[in-house]
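Following this message is one structure expressed as structure tokens.
As written, the chain order gives the labels A, B, C and D, with residue 1 at the start of each chain.
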Amino acid sequence: MNTKKKEVLNKIRDEFPILDQKINGEDLIYLDNAASTQKPKSVINAIKDYYENDHSNVHRGVHTLSVRATEAYENARVKVAEFLNSPNVHQIIFTKGTTDSINLIASSVTNLVQKDDEILITSMEHHSNIVPWQELCKRTGAVLKVIPINKNGELLIDEYANMISSRTKIISIVHLSNTLGTINPVEDIIEIAKSHDVITVIDGAQAAGHLPIDVQKLDCDFYLFSGHKIFGPTGIGVLYGKENILNEIDPYQFGGEMILKVTFEETTYNDLPHKFEAGTPNIAGAVGIGASIDFINGLDRDLAHQHEMSLHDYALEKLEEIGGVRIIGNASNKSAIISFVIDGLHPHDIGTIINQKGIAVRTGHHCTMPLMDFYSIPGTVRASFSIYNNHSEVDKLIDAIKLAIKMLK
Amino acid sequence: MVSELYKRELIELSHNPYHFGKPKKIFSSHETFNPLCGDKITVYQSIDPSKAIELWFESVSCIICSASASILMKHSEGMDLNDGLEFIKEVQNAINDGSLCNHKFPKALHCLEEINNYPSRITCATLPWKTAFELLK
Amino acid sequence: MNTKKKEVLNKIRDEFPILDQKINGEDLIYLDNAASTQKPKSVINAIKDYYENDHSNVHRGVHTLSVRATEAYENARVKVAEFLNSPNVHQIIFTKGTTDSINLIASSVTNLVQKDDEILITSMEHHSNIVPWQELCKRTGAVLKVIPINKNGELLIDEYANMISSRTKIISIVHLSNTLGTINPVEDIIEIAKSHDVITVIDGAQAAGHLPIDVQKLDCDFYLFSGHKIFGPTGIGVLYGKENILNEIDPYQFGGEMILKVTFEETTYNDLPHKFEAGTPNIAGAVGIGASIDFINGLDRDLAHQHEMSLHDYALEKLEEIGGVRIIGNASNKSAIISFVIDGLHPHDIGTIINQKGIAVRTGHHCTMPLMDFYSIPGTVRASFSIYNNHSEVDKLIDAIKLAIKMLK
Amino acid sequence: MVSELYKRELIELSHNPYHFGKPKKIFSSHETFNPLCGDKITVYQSIDPSKAIELWFESVSCIICSASASILMKHSEGMDLNDGLEFIKEVQNAINDGSLCNHKFPKALHCLEEINNYPSRITCATLPWKTAFELLK
């Protein structure tokens, strides 16, 4: 890597105060980015500044702070709309996170779904993109169908093309698998779905922070992600929806903001996006996600991607040299997430031991239990990289894993 | 300054709005709510709009909204339907972007120009126009 | 007021950085506390510190940051449990806010409610405590009944006692009315409800920051409030529930954290409180609400109450001296909230003009439209006081209102 | 230090746990999941528990959980039902509060004492005990 790039990357890393600390006497090495990313100063300060200068409740106030808070909140919506290339700002709904977004959809489409309709998901979905659909099926008598994958962790597109039919009502798939790192060919999947008039839902929890997203190009009906995985705060998420379908489906939660007129007999709902935002919103959360989008826009995204993939490739190479290591997820199109198991060792024991060296990885089923069943494993060790990680951290990870194997065998 | 928003003429207009109340004959009507406050306005068209526009209104509303409605009632009166719809649309946009002081608009509208500096109150000014558009379109 | 008290109050006020600013060239006077309170430094810093030192995803990680984040999150739950005197920590569910809490209940009790069952609310409810029940009634065929009030804004307890019957399934009432300031006699209401085996839901959005709450003494089934109204962050709320009923009702949202085991065929839900907390929670929000509870616990609550009520009484006296002012809400048991209308003037116009003097009040229907209908008014001007307000601010409020009347008549 | 958690004897125990596998005859069984990781453990009682406790287990689990289960299987064997339930409850509590080094517990349990310093792993150690309690209670 040339020094120019190195400088840029070091500067980015300096933006993250949390990284500058010791864990068990060792430098913190944070490789749990798929679970949640860390926050740059700009995001932390945006939240602080908001509370120190502009906080008030939004939308229904005429005083200055209320106007400022409303502008801060609505500006964040504009940023998200641009980030996703949404045709309209009011197609952006703020939620609590991806899970909240999926639950909103799965609940609000209830009246569009009939007995024996089919809902398609895939074998590699996060629980958040499984259980809400199981519940929808219970409520409506619809049937949940699962698109299979191969051992590399790639979706079987031909199978999918065979499974989709006039009975298919909704397909909900993950853009980028949090366990396997697989990037699904969502454009193709959506195109096939469209030709069958199927509602398309894309779980972008992992993708939004790593891939440029253009909802108009994708032509999906819904796209969802969480703030905390794109350098933003916890407690805020996004639901993008096409205008016609957002107007067609029922509201999800009921209360303040989402109504135009309430009497005890009857209630009139508000327009988009308010129809789906009942109650005082997470204003500071929106401000924070706005700042995190500014942060991402300020990155050289090609450089970021190259850097993350070079960490991925380097770690993969080193891991494969260790005896007994098996990589889970070898898709040809992948992101910087590596899941692996080690013969005879349980992921938790490995995780606990390498934590002694200051290294944070995620261990377990990563909320993808059916995927674990597919691979017949109890869980994996997962190292997931972000822009602030570096090659020497990978070296230390490899050393620590070797140590764990020595200790536990 | 807020005194520039609450110009004397605006306040007067709101105290004595033009065509306030239900007309004797109602050809059609439309009701909307201000999402800011829940205020209600009903706009009535008293004759067949293909002949000419003749609007009346009832509302419980603030000074801004009442005055704005009054101007609408007065200056749309007698307009041809298409011209009227275009006029209404243009004024709505001009309220939003603060360009009411344009020679193509009746002078009465100038007194609403300051509203652009009070983003939370813009819907108060546009509500009658939005309602009339829905009614006539 | 003696100097000792004054010093204490000034010190408290200094804790709120936002208050130290000019609006339109005048000192900010923030009297919109019922909509949302401001945040003390300790709350803002707790959120900042969390992101700068401890952030990670919770519950499923073995590494140090994940353990710390989990502890931070669960410690906040302990603080809330103590704040409400909950018998158990796992009876505290974190939500997005009061609106989210009520929607959770109204959705999760669906299976307990049958056609022709009755749901009781009151005339003074916030939309958040009306619309979710209207929707429950739509779904189930239950009937919504409204307990009337008198012109003072007091609940007609005798009417209530007549309305409740073996058909009554749920009563959901506001503890402290955000529009009228009325403090409802919830102990008595709950006692009567209990004798009819009715599920009791208390909307404590306004009460939690002003009255000491003891859920065991109240003996309610559910108690709810929002962080942002008790000096805490946006995007976090609380649902307290009795253990048996929390176990009995269905989960609300589905996804990560709330499951024990997922297969494509079947899912097993997790225990309390996780059953009701799907997805990555608002960890920083929980940390913030914990800090806001510490802040409240650090106050002399009697002093706080006395101070707020003395502002209320003083403002009321001065307002009543102004010709044409009509106070909306004259309950004998009240909190420091004053709603009023002025003959011939619209609340918004008053609000806009006094904002010119730096004064923030709320104007409009305060999300209680049916209550506005009851009083035949379009809305009110509402001044709501908090611990950091003072008497000279009340004087300026009165002057500004007089100015508005002069300008607009 | 993590090496104190992963003591040699603990690792050995986990490699060769006592009564691992389905017993020939099953009187009753109970299955639970570790909410941390989804790991599953099934505990079997092979004879009528009113006669004596005789437990077996199957699991896909970490070193901590396997070793802990092994100790449970061994040291509850032959106990009277009531004594066994009390023993199980007491050990569960002691794991949680780090007081396993008490003379009233079998020495084998001491090797789990460090777990108290690893809050995220405590459920790994208590899971077999919790499952057995549910089974026998």
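Here, a contact is a pair of C-beta atoms (placed from the backbone, for glycine too) under 8 Å apart; a residue touches a chain by one contact, two chains touch by 3 or more.
On a predicted model such as this, the values are computed, not experimentally measured, just so you know.
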{"item": "Centroid-based (C-alpha) most distant chain relative to subunit A", "value": "B"}
{"item": "Chain pair with more C-beta contacts, A-B versus A-D", "value": "A-D"}
{"item": "Computed distance of Cα centres, subunit C from subunit B, in Å", "value": "37"}
{"item": "Subunit A-subunit B separation of Cα centroids, rounded to whole Å", "value": "46"}
{"item": "Distance from the mean Cα position of subunit C to that of subunit A, given in whole angstrom", "value": "31"}
{"item": "Sequence positions of subunit A contacting 2 or more other chains", "value": "60-62, 66, 261, 348, 352, 355, 363-364, 369"}
{"item": "Interface hub residues of subunit D, defined as touching at least two other chains", "value": "36-38, 118, 121"}
{"item": "List of subunit D residues in touch with subunit C within their complex", "value": "33, 35-38, 40, 118-121"}
{"item": "Subunit C-facing residues of subunit B, complex", "value": "1-3, 5-6, 11, 36-39, 60-64, 118, 121, 124"}
{"item": "Residue ranges of subunit C in contact with subunit A within the complex", "value": "17-18, 21, 23-24, 28, 30, 32, 35-36, 38-39, 43-44, 47-48, 51-57, 60-66, 96-100, 102-103, 106, 126-132, 134-135, 144, 146, 226, 228, 233-236, 253-256, 258-259, 261-264, 267, 278-285, 348, 351-352, 355, 359-364, 367, 369-370, 373"}
{"item": "List of subunit C residues in touch with subunit D within their complex", "value": "59-62, 66-67, 70-71, 260-261, 268, 270-271, 274"}
{"item": "List of subunit C residues in touch with subunit B within their complex", "value": "346-349, 352-353, 355-356, 363-365, 369, 372, 378-379, 407-408"}
